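Two complexes, one shared chain (subunit A), two partners (subunit B, subunit C).
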Partner chain A sequence: MTGLRYVYAVCRPFGTPLQAQLTGVGGDPPRLVPHRDLVAVVSHVPEADFAEESLRAHLEDLDWLTAVARAHQGVIDALTTVTTPLPLRLGTVFRDDSGVRSMIEAREENFLRGLDRLEGRVEWGVKVYLESEPEQAPERPAPQPAAMSGRDYLRRRREQTRSREDQWQRAETFATRLHANLAGFAEDSRLHAPQNPTLSGHRGRNVLNAAYLVPRGESEAFVEQVERTKDDSPGLRVELTGPWAAYSFAGEEAAGEEPAGGRTAGEGTT
Partner chain B sequence: MTTPSRLPDPYGQGSSANLADILERVLDKGVVIAGDIKINLLDIELLTIKLRLVVASVDKAKEMGIDWWESDPALSSRARRDELARENAELRERLARLEELEPRRAEEETP
Partner chain C sequence: MTVVERREIALVDLLDRLLAGGVVITGDITLRIADVDLVRIDLNALISSVNQNVPSPFEESP
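Entry: the complex of A and B
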């Protein structure tokens, strides 16, 4: 009757209180549901919005999804400043606090293992973009393709194709080297699918989309390392985002056994 | 160009954070747990979202710099025009190749 429980993350108990004005999904402040050695961070959300059917419908609504995604990320971000959260995927919802507790209990070991692994680490995102095709074809005296002879036209096309291929080659070499370099520096790394430039609203073609797990203390050095590459390569743009909670590194272990059919009571895994 | 600050400031985050970066993480990464409310996020791949977006509000999408469908012939008349332009270019290329052969043949013919 006080709504459903939207779970953002699982953490170890932390001393520092969250910012008082922090709000989560739907404007409800994040609350803590402690259980044994773990704490779930939850918000109360209205059943009208988060029951199965309405949630499914809402998720197709980009405005709604954007608001929830930003709220979710906002809470995770706030948690990252005071502890190391294990972020859950958007839309993890339980009926009540006791449902949340039995979920924690069922996955306690995985959570603890994951938290140990990520303790004190953050994620940095690095993307490389190939800036839009160069306008200047080597020789192109007049912008009047119709007046060009077939042979000139053909030659121009060949040159353009070649320069585009060169660019790709260069972008790939650059991205490969950058990734090797950063992966060597980081504790762990993940390559993500390149982002569709349309959703990101970024110009240029995304040729590298990677995440790096870096201890907080080494973040400054990591950032410098990325910054240093930025001027290296004309036509290529390096973009750094972070520090994020270790989203890209949180999934594997805890996702191991998915209790199909909502079997959330802990019965051991054997 | 490197101005090392003691603690790295957040890069590309906050309210201006790239929506794609956020969605990529909160929808696609992170720990997956089946809650009491069963939702299969795979049903709402980002592509679906984008497609819906096109149907829902083209102007808004453009405002956000989203215009990928414009190059998709199935969705855009301009893309179909581009497709014609491409075909046209292909034909020109073939013509050019023929033209290249032509002088030689002409030489052979005239003694």
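Entry: the complex of A and C
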């Protein structure tokens, strides 16, 4: 019993060896499981942590999840320097190498198609935040609270509400236009659910959380396109992340076949 | 407006991709992560472990 097999990605065979000191999930170095025209990149992980029940419990543990996510990303990152990996979802585990090989065999066609689709492409993340009302003082005690009449108070509240609605509307319009521009430039796009400010630690409300699939050679132009959005939109912040391996585009659906809006898009633009 | 670029990878950006992206395969053993909308369900758990004092935002909206 040498543990279970945690699979990071499937790739076409690549000649360059991975960095010798690279470690994956649980500290185990990533190993290659070649089969037919493909290679699975795997680590050996303890059954105690990755069998179904323990995995379910671990996924609720932020420290554990963070360590696994960082390790997974580290391996994918290393792979992107030598090939174009087709990343698998976090926590894909098989009992042994022969289970991995059967999986490759069963999905060979899909993998090859996916790898062709992603070859030479990277993913860029673009997020738009509505900064918290900049013109309003933070919730500190009003200078003369006692002096304000009930009517003044209500009027001020109404004005604040209206201004928040205006800002929200403006942010929506901006994000919709930006997404349309970038999606037009990119080969494909996905909308992720808006991020939770508590978890992201970002100020402001996330109004767009999108991913764009861009040929590596056009990345510079894409980044410039994002930077050109520095227009007269005070109170909005655009954040660019990447280049990523094409995680958001590794799913089975081919470009253009995604149902309107995508799986996570429902929340993305409301 | 400012464009912020290329900082250290934020966990939340990573989780967007690792828990909602990637090829979904049911392995020999694991739970079907594909069947669980982790980004919604487990973020509740994550958020409470990040900050016990902040209520889950998912309860605010209908």
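Simple rule for what comes next: the second predicted complex is superposed on the first by the 240 of 270 C-alpha atoms of A that agree within 3 Å, B and C clash if a C-alpha of one lies under 4 Å from a C-alpha of the other, contacts with A are read in each partner's own complex, and residues count from 1 in each chain.
As a convention for this text, contacts are C-beta pairs under 8 Å (C-beta built on N, C-alpha and C of every residue); 3 or more make two chains touch, one makes a residue touch a chain.
Please read all numbers here as calculations on a predicted model, not as lab measurements.
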- Message: For A:T229, using the defined touch cut-off, is the partner it touches subunit B, subunit C, both, or neither? Pick first, second, both or neither.
- Response: second
- What is the contact status of A:R151 with respect to subunit B (first) and subunit C (second): first, second, both, or neither? first
- Check whether A:V238 is in contact with subunit B, with subunit C, with both or with neither, and answer first, second, both or neither. second
- Which partner does A:R56 contact after superposing on A: first (subunit B), second (subunit C), both, neither? both
- Message: On the A-aligned overlay, A:L4 touches which partner chain: subunit B = first, subunit C = second, or both, or neither?
- Response: both
- After lining up the shared chain so the two structures overlap, which partner does A:R117 touch, if you call subunit B first and subunit C second: first, second, both or neither? neither
- Message: Output check: A:R101 vs subunit B and subunit C. Expected answer is one of first, second, both, neither. What do you get?
- Response: neither
- Message: Contacts for A:E220 in the overlay, against subunit B (first) and subunit C (second): which applies, first, second, both or neither?
- Response: first
- Share the list of subunit A residues that count as touching for subunit B in one structure and for subunit C in the other. 4, 7, 10, 50-52, 55-56, 59-62, 65-66, 69-70, 72-73, 86-95, 99, 103, 107, 114, 125, 192, 195-201, 223, 227, 230-231, 239-241, 244, 247-248, 250-251, 264
- Task: Over in the complex, which subunit C residues touch subunit A? Could you list them?
- Result: 1-6, 9-25, 27-31, 33-34, 38-40, 42-43, 45-47, 49-51, 54, 57
- Message: Under the definition above, what is the set of subunit B residues touching subunit A in their complex?
- Response: 1-2, 4-8, 10-13, 15, 17-39, 41, 43-44, 46, 48-50, 52-53, 56, 64-68, 89, 92-93, 95-100
- Residue numbers on subunit A that touch subunit B, as the complex places them: 4, 7, 10, 50-52, 55-56, 59-62, 65-66, 69-70, 72-73, 76-77, 86-95, 99, 103, 107, 114, 124-125, 149-151, 153-154, 157, 192, 195-202, 219-220, 222-224, 227-228, 230-231, 239-244, 247-248, 250-251, 254-255, 258-260, 262, 264
- Note on the structure: Per the touch rule above, subunit A residues touching subunit C in the complex are 4, 7, 10, 50-52, 55-56, 59-62, 65-66, 69-70, 72-73, 86-95, 99, 103, 107, 110-111, 114, 123, 125, 190, 192-193, 195-201, 209, 211, 223, 226-227, 229-231, 233-241, 244, 247-252, 263-264
